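Structures are listed in the sections that come next.
Below are two complexes that have chain A in common, paired first with chain B and then with chain C.
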Partner chain A sequence: MRDFKLVFTGPMGVGKTTAIAAISETAPIATEVANADTSVAKATTTVGLDFGQVTLDNGDRLRLYGTPGQSRFDFMWKILVRDALGLAILLDNSRPDPLADLAQYLDGFAGALERMPCAVGVSRLPSHPTPTLDDYAQALAARGLVLPLLAVDPRRKDDVVALIETLLMQIEVLDEEAAP
Partner chain B sequence: MKIPHALKLRAAVEARRVLDEVTGIASVVIATPDGFEIASVARRDVEPARIAAMASSIAAIGAVVSQEAGLGRCTCITVATDNGFALVSPVHSGETSLVVNVIADADAVLAQAMYRTAACVRALEAPQP
Partner chain C sequence: MPLVLGVMGLPQVEVELLRIIVRLSSNLRSLWTVSESQPCDLLLVDGDAPAAERQTPAARFVVPMVARGEAVAAAPARRTLARPIYAEELVALLNQVAPSGASGDAARAMVRSIRARASLIRWPSQVTLQRHPIYVRLAAALSKSAQSAESLSVLGRIDVQECSTFLGLLEEEGALTWSEEARAPRPSGASAGAEAAQHKRGLLSRIRRRLGLA
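After this line comes the complex of A and B, so read on.
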């Protein structure tokens, strides 16, 4: 049995807490408090971490951590990504500049991305079709990165599972490459 | 959540009183639960915005730990270090919540700082005329 620590990050309100709650088999732990930032129409926001657990059919266990979205909590990003095996970046295509959001999290997790698999999930693509997944791929390529890109709805368990499976596949490939 | 202006003024006064009345206090930062500084005083260089964000995370994690452990409401979190300590205390004033963060050097007395911080919390929680 293996234990995988995976981290979800992305802007405030993108659905990180929702995604973890959608698939956690135990009551998720959330550290949400009242939001005092009037620039964002959201009642609560995560300031510490989210946590959920999932046991796979083969007995492997996933520990899922969600970060606060705002960059003033970047110290929590560094704490939470420590010892993680994979990173999922969730983006919201209805935000003013989703590609800038992507850049912010690629910069914020640059150290971690040098050594761990990452997948990018983009929500609200049906209602906000631009930027397209190709636009995201080009933005990643401009940084020399090739990462899996998926359209997701963080409320849908199947979408969150697909994102996690993408990460697990990358982790397995790295394991095989590292095996003697 | 909007912080009333009167509460911000009161927070500034209370932060100053804690700093002035307890030996060894390096800084007092009072913040919203989501990490925005609303009042701060310091005897040395600190980054109040950074401390405010960290205090809100610590307070939120402390609240979850208290809840998971069945220990009731979290009233204070202590971070003891080689060269002093930090206290983080949540404040509940009507519908408004705040977080008080006190950072103290090694010459501060922990019990005294805790007692004075608790008094600061009570003052911020007290109904105003």
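After this line comes the complex of A and C, so read on.
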């Protein structure tokens, strides 16, 4: 039996815990404390990590980790992403500057992104249509990055699974390339 | 060869604005250029469209400029472009009149071999991705490595012609770069690397089954 890992990251309140709960076979284990950040209307926030899992049909486990949202815990990011199969960055389009949020996570995970499959999910697009996904694509291209970009609602399992599928496609082609 | 957006009787400031929009828009499905003198594919006119059509028979489409919220009285359903010009409305108009459709796109893409490989230089526009549910997955594959229509067909378990169409659309919007050399077929030997890749494929299949994707 082996364990594999997918990591979800993104700003506080974006719905990382919710996304993990949408596909985890058990309720996510969260390490939450009272939120001291008054800019975000949220009673609690994750300080360590969120954890959920799905068991595969041969007994292997896919573990789903959510990083703490606040950047003061960014030392955890590198620890969590080590040896992960892929990274999903969740962004909230209702925040004041979601493109700056994107930049923050691209910087924070720059080392991992050189090779690791990564996809970006943007939530609350229906109520906050700008920046558009094309704007995000342009911002990524300006940094020389091509990452899958999807509109997601972290509460919807189908959306979370679609985001993960883009990671699986990247893993598949990288493995094809690495094969002799 | 780029399509030509002609202008007749428009103020110079609007002509320059059109040039900027056409040059900077990433959502155009075809390459366009703005001209004040050439025969054109679409002509924007300031004033009476039928009169302009008589003067410029070379234009395939003649579209009058109207004040925002105002339709052309004689033909309300006729295509118009509203003032002030909004980039997204111009792009939508140009994409409407550009020759497109799956068969045309496929025909253009099929000019290349189905083994010619390409990769993304930026994530495709939503206009392109929304044309088929499989396109997001195919784009995800192209985001990490060069693929051919043939290899995309295997990865996406989809008809090779659909993959050629997709590559054609990406090429049209300038999101693609081609690497001409075809990948040599791999030997089928059971090396350690091949075994690891096989194992990984098994893992991906199990994850997909578990998530309801297979």
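Note that the second predicted complex is superposed on the first by the 169 of 180 C-alpha atoms of A that agree within 3 Å, B and C clash if a C-alpha of one lies under 4 Å from a C-alpha of the other, contacts with A are read in each partner's own complex, and residues count from 1 in each chain.
The working rule: a residue touches a chain if its C-beta (ideal position, glycine included) is under 8 Å from a C-beta of that chain, and two chains touch if they have at least 3 such contacts.
Because the structure is predicted, anything quoted here is derived from the model rather than measured.
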Clash-or-fit label for the pair chain B, chain C on chain A: fit
Partner chain in contact with A:D97 - chain B first, chain C second, else both or neither: neither
Touching partner for A:I29 - first (chain B), second (chain C), both, neither: first
Dominant contact partner of chain A by residue count, chain C or chain B: C
First, second, both or neither for A:L49, with chain B first and chain C second: first
First (chain B), second (chain C), both or neither touched by A:P68: first
Chain B versus chain C as contact partner of A:D107, first or second or both or neither: neither
Geometry of the superposed three-chain model: angle at chain A (Cα centres of chain B and chain C, steps of 10 degrees): 160
Touching partner for A:M76 - first (chain B), second (chain C), both, neither: first
Which superposed partner A:D3 touches (first chain B, second chain C, both, neither): neither
Superposition-derived minimum Cα distance between chain C and chain B (Å): 25
Chain B and chain C contact sites that coincide on chain A, given as residue numbers: none
Residue numbers on chain B that touch chain A, as the complex places them: 1-3, 32-36, 49-50, 53-54, 56-58, 60-61, 63-64, 68, 97
Chain A contact footprint on chain C (complex, rising order): 26-27, 119-126, 136-137, 139-141, 143-145, 147, 151, 155, 186-187, 191, 193-194, 196-197, 200-201, 203-204, 206-213
Chain A to chain C touching residues, read off their complex: 4, 23, 54-58, 60, 62, 117, 119, 132-134, 136-138, 140-141, 146-150, 161-162, 164-180
Chain B partner contacts - residues on chain A that touch it in the complex: 29-38, 45, 47-49, 68, 70, 72-73, 75-76
